[in-house]
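Presented below are the structures under discussion, each in the form of structure tokens.
Look for subunit A in each of the two complexes below; its partner is subunit B in the first and subunit C in the second.
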Partner chain A sequence: MKGVKLMIVDDSPAIHVIIERAAIANGYEVCAHAKNGDEAVKLYESTRPDVITMDITMPVKDGLTASKEILAQNPCAKILMLSAMGDEEIVKEAKDIGITHFMKKPFKGEDIVNAINNMILGETGE
Partner chain B sequence: MDAKYINPFINSVSGVFASLGLGEIATGNIFRKETFICRYNLTTILGISGSINGNVALSMPYDTAKKIASAMMMGMDVTEIDEMSVSALGELTNMICGQAATEFSLQNLVAEITPPTIIHGDNMKVIISQVETTAVELSSLLGSIELNLGLEI
Partner chain C sequence: MNYIEFFKYSVKESFENMFGEKIILRNETKAPGWITSKGAAVVVGISGEKKGRLLIDMCLDTALELSKILIPEMEDEDFALFTIAELCNIVSGGATTLINDTLRRRALRLAPPSIFAGSNFKLFSPKLNSVLLSYDTRFGEIDFHIGFEGE
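And now, the complex of A and B:
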């Protein structure tokens, strides 16, 4: 799917590489890289990505707080939340604030791309 | 150590490798170490607390570590262990222990995990604790990995 603007939010540099490589191979444009929730909120404002991959556990500001702030800016923001084992409670809270797309770690780059394609096509999925 | 504590870790290494597209894992020898000591070039260490307490370490030669990091990052060149490859191997360790923790929770055992630490160098000998340790030799397409479980149960 060409032309999709993606922002990657994760404190782990390797996750940025995994997602970016898969994204570019699928014709997406990675318009922003954020390593914590604070950077994510600021970069969301300035770059307006179509889709965000959002890690949960990060320093400075976590992914749930950042998602709330981004959804306050734009209630239609498309956020794919990347959850790890033990994040079940946070995933519940995320659903309460309106996040509908989740991806469990471990994932391959192509899993992320498939999930994003589904989000863009407007399907719900987890 | 009772197999019910060892198997979740072996299963989770296989499961995570499969999810990441890193190929199959074969289990080799399982043996005891008097102390928790690792001798390969690179060791990732992670603490566990709850119903199970102690440390888990994945120890591997540089060659294996570089191949795993490269395969995880969609074939990116990994010629040395830098911030990026450490990040990949840390994620791998997290995912493996997170998956094992989920298996333990199905047995009603609590296992909280800490963020992983990674140390590496030539002629490494890392003594992690004095706890008797169970080591499991694992072989993958990317090379050999030693899984070490130093757990007080």
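And now, the complex of A and C:
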């Protein structure tokens, strides 16, 4: 799926590399990299990605707080929450702030690509 | 089921899913308060009703081999350390998720990983009671030190 603009938000450089490689191989454009939630909120304003992959546990500002702030800017923002933690309380907290897509780590690059494709297709109904 | 059993489950599940490789528990012992690292170590702090941490320790060569499973052409020490940091994060996340969902009231949360690399350095955790799980992989030994206050 070409032309999809992606922002990767994670404090792990390994995750950035894995997602970026899979994304580029599938024709996405990685328009921004953020290593914490604070950078993500700032970069969202300037880059307006189609999809954001968002880690939860990060220094400075966590992914749930950053997602809340991004969704306040744009309630239609598409956020794929990625986390090593997936307990019921965290999933509920994510759903309560408007996150509809959640993936538990570890994942493979193709898992991310499939999830992003589903998010985009879900919007256009293709 | 005590905390250690949740971590054992998460080590096997996380490692095999992340790398597609077997990991075999060789030994389980009560760990001393200090650890002499094999060369590459990562600590993830655990907070909430119980304070603790998971420390992963291995040789740098083992970390390099593991990172090459994820990105074969990436032979880079920093990327190797970031890879084991992510392993530590995923194992901790898997175990604390199980603890939270099974024991309900615990509500444990994780801190971002801290990475240490070098030769012969020591790490001290005097307040924690630790268990050392020693594993074999085809890339070398990996130690998981799990410590909680008062356990």
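In the analysis below, the second predicted complex is superposed on the first by the 118 of 126 C-alpha atoms of A that agree within 3 Å, B and C clash if a C-alpha of one lies under 4 Å from a C-alpha of the other, contacts with A are read in each partner's own complex, and residues count from 1 in each chain.
Criterion: a residue touches a chain if its C-beta (ideal position, glycine included) is under 8 Å from a C-beta of that chain, and two chains touch if they have at least 3 such contacts.
Small disclaimer: the values here were computed from a predicted structure and weren't measured.
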Fit-or-clash call for subunit B and subunit C when the two complexes are aligned on subunit A: clash
Subunit B versus subunit C as contact partner of A:12, first or second or both or neither: both
Contacts of A:22 with subunit B and subunit C, given as first, second, both or neither: first
Partner chain(s) touched by A:89 [first = subunit B, second = subunit C, both, neither]: second
Touched partner set for A:58, first subunit B, second subunit C, both or neither: second
First, second, both or neither for A:105, with subunit B first and subunit C second: both
Doubly contacted subunit A residues - partners subunit C and subunit B: 12-15, 17-18, 21, 84-86, 105-106
Touching residues on subunit B, where the partner in the complex is subunit A: 16, 19-21, 69, 72-76, 83-85, 87-88, 90-91, 94-95, 98-99, 101-102, 112-113
Touch list for subunit C against partner subunit A, complex: 14, 17-18, 67, 70-71, 74, 78-79, 82-83, 85-86, 89-90, 92-94, 96-97, 100-101, 107, 109-113
Residues of subunit A touching subunit C in the complex: 11-15, 17-18, 21, 57-59, 83-89, 105-106
Touch list for subunit A against partner subunit B, complex: 12-15, 17-18, 21-22, 25, 84-86, 105-109
